[in-house]
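Look at the two complexes coming up: chain A is in both, with chain B in one and chain C in the other.
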Partner chain A sequence: MDDAMRLKVEQCSRTAEDFTKLYYSSVDKRRHQLGKLYLDNGLLVWNGCGVTNRDAIQKYILDLPASEHNLQVLDAQPVVDDAVSGQLTFLISAAGTVKFQDNPMRPFQQNFIITAQGDKWKIASDCYRLQDSLSTVKSD
Partner chain B sequence: IGFDVAEQTTLPPAKASFLCDAAGADVVRQFIEQYFIIYDSANRQPLLDAYHEQAMLSLSVASNSYQGARLNNYFDWSRNILRMAGDKSRHIRYGRLPVVSFLSELPKTQHDPQSFSVDLTLFTPKLINFVVTGVFRELSKKEQYGNGNPDSPKIMRSFQRVFMIVPMANGGFCIRNEMLFISNPTQAQSKMAFKPRPAEPIQPAPAVPQVAPAVPNVVTSPVVDEST
Partner chain C sequence: MSMHRNLPRNNQGTSHSDHGMDDLITMKAGYKPIRINRVGSQSYYQTSSYRNSLLNASYTWHLIDVHHRGMYSKADILDAFFNIIGDSEFYPVGYKEGRVTDMFIVRGCKEAIQKLFHRELSLRMPDHKLVNLNISLNAAQYSSGQIFPQKVLEKIVERQFKRLETTDQISNVLNLQQIGNFAEAADIIINLGSKPALELLCKVIAQNHNILNTINGLNLIKNNITDPSPLKEFVHSSIKMIDLRHNNIQHPHQFNELKCLNVDELYVSGNPCTTEMNYLDEIKKYLPTLKKLDGISTEKIKQTSTDTIEMMYPGDIILDDRDRVSFTMYRTSDMWCQVVVEHKGKCTKRNILKAIFEIVEGEFFPCYYKASRIEDTFFVRCCHDQLESLLDVGLALRLPDCDDIPMTLKMNVSDFKKGHVEPMKAIIAALSTRFNVMDKCLNLESLHTSPELKNVIVCLSHPHTLATVLTTASRRFLVNLEEIRLGKNRISSVKALKTLNSARSIKILDLNNNLIENLKDFENIIKIPITELNLDGNPLCKNFKTAGDYVRQVRKIFPELTKLDGYPITKQVSSAMRVERNFLCSLEAYGFVDHFINHYFPIFDSPLRSQLIEMYDRRCIVSLSFNYDASKLNSYTTGRTRKYELLNRNLLADPLVPTPNVMYKKDSVLDFFKYFPASEHDLFSFTTDVTIFTDKLVCLTVSGIFQEPATITDVEFRLAFTRTFLFKQHATELGIFKNTNEYKIINDIIFITNPTNDQLKMSFRYSKPNKTKLQEPTVEDKEYLFVMFQRMTGLKNIWCTRCFEDANWDFKKALEVFIKLNQENRIPDSAFSES
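Let's turn to the complex of A and B:
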């Protein structure tokens, strides 16, 4: 890995740390502000349910039961392909445990594609999965 | 008379897959099929063809085990930014050869395709991003090397892989970025692992067909918004 790439990785790692700190405190405590973190035409995929556009995402998350996330693992990489040349784009992978009101604590994994818009980082896509989302026996 | 302050406490039901663009279904399905056939085989070297010359791969491991077998086989290679001092590029495999030799060192596996959930979050002519979540089991020493205790316990793992793939000149695709996450399964996952379940084929979510054209603009020409 050359120095230029090392720098990118360094910046990407720092951004991932700052970003997730802000994201999880927002989603747990200040949900009404969360929409601002997304691009206008951003995408949220919540356990396989797709929601597009900032306002719809904000509403979807507001309607979820109150949450307490505990972030434990964080990984991130810069995307350096020609396809995004000139456009800073980072992949972020986060994992930990979450407790939604009245639900048992469960492991979750979440992936973001964030991209620089002006001097602000915005979420282009956000993919959230409770680790065993598909293994829970349906109660109907 | 009370106040209407009751909050929602149930979670929306989960779906097995989301496709931001129906056109991506075949590409993703084929890619996943081919990738895991090789990954689960005795020899992972053929994966060289699946990675870009400057591919990047990192592995991260859940920091605490919920239950089940220790994750010792993976911890030494785990990249967790929250616990990293110094050089942040440590534990990133960069380049086709380092990536595949690293993958070859990881325990041999058998994945359970029925456990997979697949989320396609970006589908453009130049860049495709999708996330695969599911379970695999580690092969026993007997299965790997032909010796060892045949009754050794079957170790189950939960995993998530994020793939960023790009088209190649020959019409195929190769991996530009990959992040692999490994943890122990929850009880619910262990219970359902490798058991048949009702088929829920990968199909587009009809409610949001407009996603695909929107996102590519974001990634390729983000400055447009500013000028308007």
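Let's turn to the complex of A and C:
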């Protein structure tokens, strides 16, 4: 691995740590501010249900019951330049447990594609799944 | 009945195998199997031309594929076939249902196949959509010992002859009720609704003199019989009773040909002909020897059916627009007007009324409807505007599949007298008997069958009539009305339900088995808080892919609902908490995901895993993180997590333990593939989310369960995973195939953890998909390839078929054929679709 790549991976790891800290504290405690973390045309896919645009995402998240996330595993990779037109972009994978109001604690996984916009990191795509979400899907 | 029943059937199970893999049609009833040879057959699709000579050979079977796309049931499909085929012979054999395609074979039914070709190999379904057929002529050889209809019927008749029954003082009754359900008919469809099939049955019975002279009765209940005339075969028999209940005989005059029979008893209830007034009289006219009809002694029949209006005057005859001036003179008349519909036997009462109600607006109650062979008549009063709307369309009824049907109005043919039917009074009387005070329920199911409405037609499918009835009901029963049942009334427009908004006590609404097409029709119609709703059996149910979707959409319009189609539906805490198995940001991604999952994971699980490296970009990045709840380990699994822990790149792990770096470029990924344990992924456990799908970049996240398979020393070890792949565009073929992008994986981020108890329970429940991949393309594959091919080339169907047939269904070869033809300028402009 060349130095430039090594540096990029290190930058990516630090960013992932900072970003997820901000994200999960916002989701659990300052949910009304969460919309700001998404691109205007960002996408949230919550257990297979898609929501586009920052305002709609903000509204969707506000509708969720109160949550308490405990992040346990974090991994991140830089995305090569030419696939994202030179835009600095990272892929983050996060996992841990979550307790939604009146629900038992359950494992969750989430991955983000974040991209630099000015001096801020913004979410282009966010994919959230409760690990055993399917057990709540009625078999059709 | 459940709401699930109405869903498209591809949701009813995924385990249906494809056709084509097994081209041997085996028989349940002991006939010799039939081997299909698709390659040697002549296949036709969306065309009306064919090689006539192929139809003349009676020693061959023809294969028919029905591309219903999961939208229609077997019963719908067979109905559509018999609608086209009419009175020609047609006996489908080996009917196999598939998720998107059904198939069966037929033999020696030249006329029927000609009729199918005449319709360009398409079926018109009840919702007016078309379903395409693929006919392969000469697809199998007939040999002795194989099934044929006469043999099947002989076996049924012989067996039933050994167990003759006794019913209501008649002994030796041959029971042929619902012959489709006999075990002998398991492999073949013999529809007695088609005249040649009934003729064949009668011939089979009549050829055996022993049977003919022994049986006294014949039970033909529920056989879909439309024309009883073949029964005349029994002219010299001992048969005294014929039971034709619950068949599909439309007109009493169809019994005319049975004059020669010497029967004492006939049963016809449950046939459409019994909805006609005086049907008992009419049938008796044709069968003068009859002693009992539907269990009623024929001597009594005379007295029971005299309800009609005596024509006192010839009446002023209105034929067309030229008579408009004289017509307007009757604007204020309160005498009876007779309407004569000269259908000449070309259509049924139901179709006539449907056409009339499509024209008239406002209250219209035909009274004393009398159907006969040449013309139907009825009487109306005090509805000048409605009659005028009939005059406005030239007193002609436009019906599908037949010429316009002329009507004549005879104005003032009789005074209104005491004892004549008064529609509104009859409706009120019917409502009163159908209201149950205890349950606060008004049951209007099949309202037309009410005895109070015997002489007046109250057609609830007519929006204005429905509104009148509902307004009358809500005024009459006020707050005592909590439930209204409107099932089985052929209601298609729900606008009239607006009138229910004034009856605020109504909580339960039952609209089962009507003809409502769209759930959206209910928007802004019903404003009262309905808590129970039944929409089962309406076409709208077919618009939903899943029961969950159906419930959600209905709840949007009826937010207070607690019960739908008889099922309790709990109120959700938050609609945001719902779950879907798969998400696609773009529908185009469907094929991509399907192809990738079914390609990547089987190879990953095979000894050929290293080959996957070809799908990765030169500068690819792969990493793995791992988290296993140690308390879930047992004596079998301890120690088996170590392989994963060594790869674990968890940025939150103890900073003192060195974190492995990402794997960068193909060589290190190849090492990883070799290091990673042998695996089996359960594709049925997968959820997939495509969050980005552009020409340049695709992001796919897959979650599910895999296991390290059991070995001689170890049990299997199950793990849960989530994997996000990023793909970038690798190459674009320009020119005519501008859509064929090739993508390579640039990022692959893997997370592995212990499965939850639910995941363990639900995984690996289905047997593994067959690993031998190299087999004949199935019908479904072919259809998919066909659509892809057409999208890429823009060719019309017939040209696509040509390319594929030249290439023996090899997709790549078919493209080569196309390129070659195109380069040689052998494809005319007209071969391409317009759009």
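Here is the rule we go by: the second predicted complex is superposed on the first by the 133 of 140 C-alpha atoms of A that agree within 3 Å, B and C clash if a C-alpha of one lies under 4 Å from a C-alpha of the other, contacts with A are read in each partner's own complex, and residues count from 1 in each chain.
As a convention for this text, a contact is a pair of C-beta atoms (placed from the backbone, for glycine too) under 8 Å apart; a residue touches a chain by one contact, two chains touch by 3 or more.
Predicted model only: the values in this text are computed from it and were never measured.
With both structures placed on the common chain, the touch criterion links A:Gly118 to chain B but leaves chain C unconnected. Once chain A of one complex is fitted onto chain A of the other, the partner contacts of A:Ala83 extend to both chain B and chain C. Where the contact sets of chain A with chain B and with chain C meet, they give residues 1, 5-6, 9, 13, 16-17, 43, 45-50, 63-65, 71-77, 79-80, 82-84, 91, 93, 95, 100, 106-107, 109, 111, 113, 124-125, 127, 129-138.
Against chain A, in their complex, chain C makes its touches with residues 4, 7, 11, 545-548, 573-583, 585, 617, 619, 621, 623-627, 649-652, 661-662, 664, 685, 687, 689, 691-692, 696-697, 699, 701, 703, 720, 722, 724, 726, 728-729, 746-747, 749, 751, 753, 755-756, 758-759, 762. Of all the residues in chain B, the ones that touch chain A in their complex are 7-18, 20, 54, 56, 58, 60-64, 66, 79-82, 84, 87-89, 92, 94, 115, 117, 119, 121-122, 124, 126-127, 129, 131, 133, 158, 160, 162, 164, 166, 176-177, 179, 181, 183, 185-186, 188-189, 191-192, 205, 207-208, 210-211, 214-215, 217-222, 225-226. Within the complex formed with chain C, the chain A residues making contact are 1, 5-6, 9, 13, 16-17, 43, 45-50, 60-61, 63-65, 71-80, 82-85, 91, 93, 95, 100, 106-107, 109, 111, 113, 124-127, 129-138, 140.
Per the touch definition, chain A reaches chain B in the complex via residues 1, 5-6, 9-10, 12-14, 16-17, 39-43, 45-52, 63-66, 71-77, 79-84, 87, 89, 91, 93, 95, 100-103, 106-107, 109, 111, 113, 115-118, 124-125, 127, 129-138.
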